[in-house]
Amino acid sequence: MTQRNVLEAINNALDEEMSRDPNVMVLGLDVGKLGGVFRATSGLLEKHGAQRVVDTPLAEASIIGASLGLAISGMVPVAEIQFLGFTAQAFHQIGPQLARYRTRSRGRFHCQVTIRAPFGGGISSPEFHSDAVEAQFVQSPGIKVVMPSNPYDAKGLLIEAIRDPDPVLYCEPDRIYRLARMEVPDGAYTIPFGKAAVIREGADVTLVAWSAAVELCLLAAGRLADDGISVTVVDLRTLVPFDVETVVSAVARTGRCVVVHEAPLSGGFGAEIAATLASEAFYDLDAPIARVAAYDVPYPAAPLEAWYLPSVERVVAAARKTARQ
Amino acid sequence: MKAMTARQSILKPDGRLLNGAKSSMTDAALMEAVRWMLMSRIYDERATALQRQGLYGVFSPAAGQEASVVGSAMALDPARDWIVPQYRELIALVRHGYPLERLAAMGMGRITHATRIPEGVNVLPTQVALAAQLPHAVGLAWGLKLQKKDSVVMAYVGDGGSSEGDFHEALNLAGVRQAPVVFVLQNNQWAISTPRRMQSATSSFALRAAGYVTYRMSFHNTTDNPSLYEDPKQRDEASRRDPIDRVIKHLTRRGLWNDERDEQTRMSIRAEIDAALDKAASFPAVTPGQLFDDIYAELPERLRRQREELLGEGSKE
Amino acid sequence: MTQRNVLEAINNALDEEMSRDPNVMVLGLDVGKLGGVFRATSGLLEKHGAQRVVDTPLAEASIIGASLGLAISGMVPVAEIQFLGFTAQAFHQIGPQLARYRTRSRGRFHCQVTIRAPFGGGISSPEFHSDAVEAQFVQSPGIKVVMPSNPYDAKGLLIEAIRDPDPVLYCEPDRIYRLARMEVPDGAYTIPFGKAAVIREGADVTLVAWSAAVELCLLAAGRLADDGISVTVVDLRTLVPFDVETVVSAVARTGRCVVVHEAPLSGGFGAEIAATLASEAFYDLDAPIARVAAYDVPYPAAPLEAWYLPSVERVVAAARKTARQ
Amino acid sequence: MKAMTARQSILKPDGRLLNGAKSSMTDAALMEAVRWMLMSRIYDERATALQRQGLYGVFSPAAGQEASVVGSAMALDPARDWIVPQYRELIALVRHGYPLERLAAMGMGRITHATRIPEGVNVLPTQVALAAQLPHAVGLAWGLKLQKKDSVVMAYVGDGGSSEGDFHEALNLAGVRQAPVVFVLQNNQWAISTPRRMQSATSSFALRAAGYVTYRMSFHNTTDNPSLYEDPKQRDEASRRDPIDRVIKHLTRRGLWNDERDEQTRMSIRAEIDAALDKAASFPAVTPGQLFDDIYAELPERLRRQREELLGEGSKE
């Protein structure tokens, strides 16, 4: 056991998998000497060599497209897209190519590719660096979408992603990269996809979130407890596969639900959760399902982001209103 | 990375070698090439006819481009090298080991495990988004090199496809990684109805990649109507330079071909195609449950429920 | 008044706007001599000339990116992307550029650009040609998403799109391009965005749909009437802006709702509708909200598409179940 | 489309002209250029210092690249021509009419209508996705040409940005449409930490576009730490070829520059920058409601409700 933050947990997962399997390789912009713009790949070049830790030309579509081909050749690429917003440049290589290759080849080929991408607001980044566009990949069947929220999960889910024979988009919440350390085992371990975690149990309202928004929910839970409102917090961990069962049963127990995410409201994955509940937990619902999200505007310039992003205050207000309805 | 910038055409319309030109192919290779080219042309005709009868899906003929397809593919060793196709290279895939009956059965809508690329055949599946296959080819070549395999990857693209951003990104990456990949750009003068001069102001597509100047002697695909945009004179001019005619005239001049041989070759090809089409027609048909095969190694719960919904419904009907 | 099908209505709208405003121009693959792969731009080259009807090189991102620049220069480009699935190649130029330009320039510039793109299944097309990826643009604030379902709307919404100072993604349902003709006025007229149409009124269940799925709902409505179930059909017309009010009040009247779309279930815009109802119409709901959609798999090969797409039977079954719950 | 393929450097480190080289700039232009270059360098220092004090956002210095930025921009007529920047061309924007105080105020987070590009200033906003601005530049140039305006568009891109697919698509379209656009590729040897040789195997970036070989003499931006990847010798070598030093030495040799003039020029620039920074600090601050400005010409209902929600909340706090 070592105390690690999210970034250290990711770095450690990469190092463990590269040490275990000589075909695992890391490629992307500035992942080599620099160790990535956040230093997530720091030390890997020195340890595993320039054939396996590769600074690529500045062209996201070719990073993903080449990873597909590398996977077919027998390598196990872990591609870094410097910021999730720049998956837009590679969009045609992700859903339409990487995600569909198994289907297109009717199972002859599959793509064991992990795409790592930092994202999320709150750190005063330039445009595109903060965009929470995870929902744009939900309509691309064939790829899994993984959203860790803490160091332990970050390592276990990343090792699972690297070993998954299918492509995985692994989104890293950069705002909490260095937020806090927790006990993270030294050896390899995996956390299965499609299993949400109930990280706090309460009787009145269920908060559902993923990635950095989980932290918001935990802060809100503390404040709500002071008000006498006891909440369940569900950390979805993966959007695809979506663990309908855990969410439905958690909401069934409280009868009330608030979904929280840092992406804009309209068309966010919160809509999928609420829609699923409106279908599968309908008779257990005692109040309208609330969503707390960013507003439906482009991610704003740094000085405006605190107003744009969902805040602990907004989560608390929505949960109070939901509990009392 | 090297680009071949000279036009490599060496046969005149009458089958004679251009002044000073010399073929680097052996007679045996030439004879093999002619057979593949003829097979491609004859298969075009058969598939088009079947499509017109509603028995075959959208089909893209290779007519006019047989020399570039066959000539490039014959440089490869199927046991070692890989092909990454655009979509007019059916005959290259066949030579590389993809059984014709499987390709035919796919054309007939029998798209199941029985028609997929067989294990050990080094071919990537045809995909439809132009140029998107090119970075795959680079990654494949790069990975084979990392694993110290002595393979080459041959990737095809059209004059149209080469305008896509993926083309530039793939070539640039191949250069930096020194990946063993050959890009074959077939400039057949058209991208559907868009003529070459609207595609690029480049003086030669060969500046972009190993280039073949050919002419698409048929429609774009079976949904297309070239009379809306093609000047018949262009087609006539191209027909005068039909690559198959030229090679056959050349072989005839050299005493390696005659009417009897022509007749025999065509008959044996027709028999081979007939056999493949016959087999193809008896491949298993698609089934609804198949919708959920090959999405993930393991089907997630939500999809398992969708599958049940579909099959429950399906069995009621 | 002339009888026109969807394709003719579109062609006529383009012709009228090009005749009215000399800065309106059409660009895309094969839009010139060929008149587009479906002939939507047929005759425009002959009438308006090669400067205003332009076959571009085969590169979707540059079609959109150049349209942005053309708009800033003062032109009014109507770009055709040959099939909606190929917007993936231009994805980074749509949401991140076109949609944000007004915001990025703080109102100094705006992009009067229309993107036309045929899509939808049921016509045995090769891969990508059928993909219903409209929901992928809902998380790109700044662009409007327009989904006509019939010839009259097709013309009125397209003229609105061309005149809208902001960018519009106008998705054409190719399956019903030539399905039926109806009266379409000869002159110019517009249909405002953000106004859903209640095209059939009933007491028991509200069906909400857009684009070609509206036709499915109307067929289902007939069959349901035979069963004694009377349905309201709401045609959304535009996903962005989303006419919450019309949907909420229609569903409030019937207490029951089935959302129907041809895109895959998870993350489709149906989720946004159901989520909005679960929040804003909660107390009026008498039954779970059902969604009938394509399955969460890549669009399959032609011989499989009838099983993949939502069918009249599935809509009827879902409405029956919803009505009886 | 033409690409300039020769290195255009004509000044030696000591400020002397290379053998046989001749400057095509008038003395007046040269003096103007030096002032812009110095202004760029001094603004770099000020903005960096302010950033270190938490008073300025992420900043990307132009140090080392002043000659390519200023030299290219001075070819333009601000009243007629357009600039489409990457992000190191601040001084070109200033010369083109974008007031420095607005740019400074933006850097200080005062991003409102008061800091936007003024009406009549022919500059597109800086955007962050590399190379995505290039097709915009082509469309703009094409549209101006269609409207018979006699304008040229100058678009900037880096060695890194030129690897993106958008670069290829933009250049190809510009060629086909004969659009009046000039692409300026500033090869400063780095894309953050990625060196030029990992960016492309091309023998010269000038084969891609009008190319300037420069050297990024500072960090990538204020979040960067070059000591992790840059060999100090490279920086030293580049400093020997500092473009500003060279021009000043050249002018000194020619009697057009001396210590006094140097001092005066720098003082006047500092005063100008100080004035701009002062003004910048008093620009209006952002306000929460602004989140909903400039999204659409007219705010849709759902957004109007979100705005109310925010402002209701905001006013409570």
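Descriptive notes on the structure:
Each chain gets a letter, A, B, C and D, in the order it is written, and its residues are counted from 1.
The definition used in the following text is that contacts are C-beta pairs under 8 Å (C-beta built on N, C-alpha and C of every residue); 3 or more make two chains touch, one makes a residue touch a chain.
Please read these numbers as outputs of a predicted model, since none were measured by experiment.
Common neighbours of chain A and chain D (chains touching each): B, C. Separation of chain B from chain C in touch steps, taking the shortest path, is 1. Between chain A and chain C the centroid-to-centroid distance comes to 30 Å (mean Cα coordinates, whole Å). Centroids of chain C and chain D (each the mean of its C-alpha atoms) stand 40 Å apart. With centres defined as mean CA coordinates, chain D is found 46 Å away from chain B. Multi-chain contact residues of chain C, defined as those touching 2 or more other chains: 56-57, 59, 61-62, 85-86, 88-89, 92, 96, 103-104, 127-128, 141-142, 240, 242, 266, 296-298, 300.
Residues of chain B found to touch two or more other chains are 111, 127, 129, 132, 163-166, 168-169, 172, 176, 198-200, 295, 302. Taken chain by chain, the contacts link every pair, so each chain touches all the others. The part of chain C that touches chain B in the complex is made up of residues 29-30, 32-35, 37, 55-62, 85-86, 88-89, 124-129, 265-266, 295-298, 300-304, 307-308, 313-314, 317.
Contact residues of chain B toward chain C in the complex are 57-58, 109-111, 127-130, 132, 160-161, 163-166, 191-194, 198-200, 223, 228-229, 285-286, 288, 290-292, 295, 302-303, 306-307, 310, 313-314, 317.
Within the complex formed with chain C, the chain D residues making contact are 111-113, 115-117, 119, 124-125, 127, 129, 132, 134-144, 146-147, 165-166, 169-170, 172-173, 176, 293-297, 300-302. Put simply, chain D touches chain B in their complex at residues 1, 163-169, 172, 175-176, 178, 197-202. Against chain A, the residues of chain C that register as touching in their complex are 85-86, 88-89, 91-92, 95-96, 99-100, 103-104, 127-128, 131, 133, 135-136, 138-139, 141-142, 240, 242, 263-264, 266-280, 282-283, 285, 287-291, 296-298, 300.
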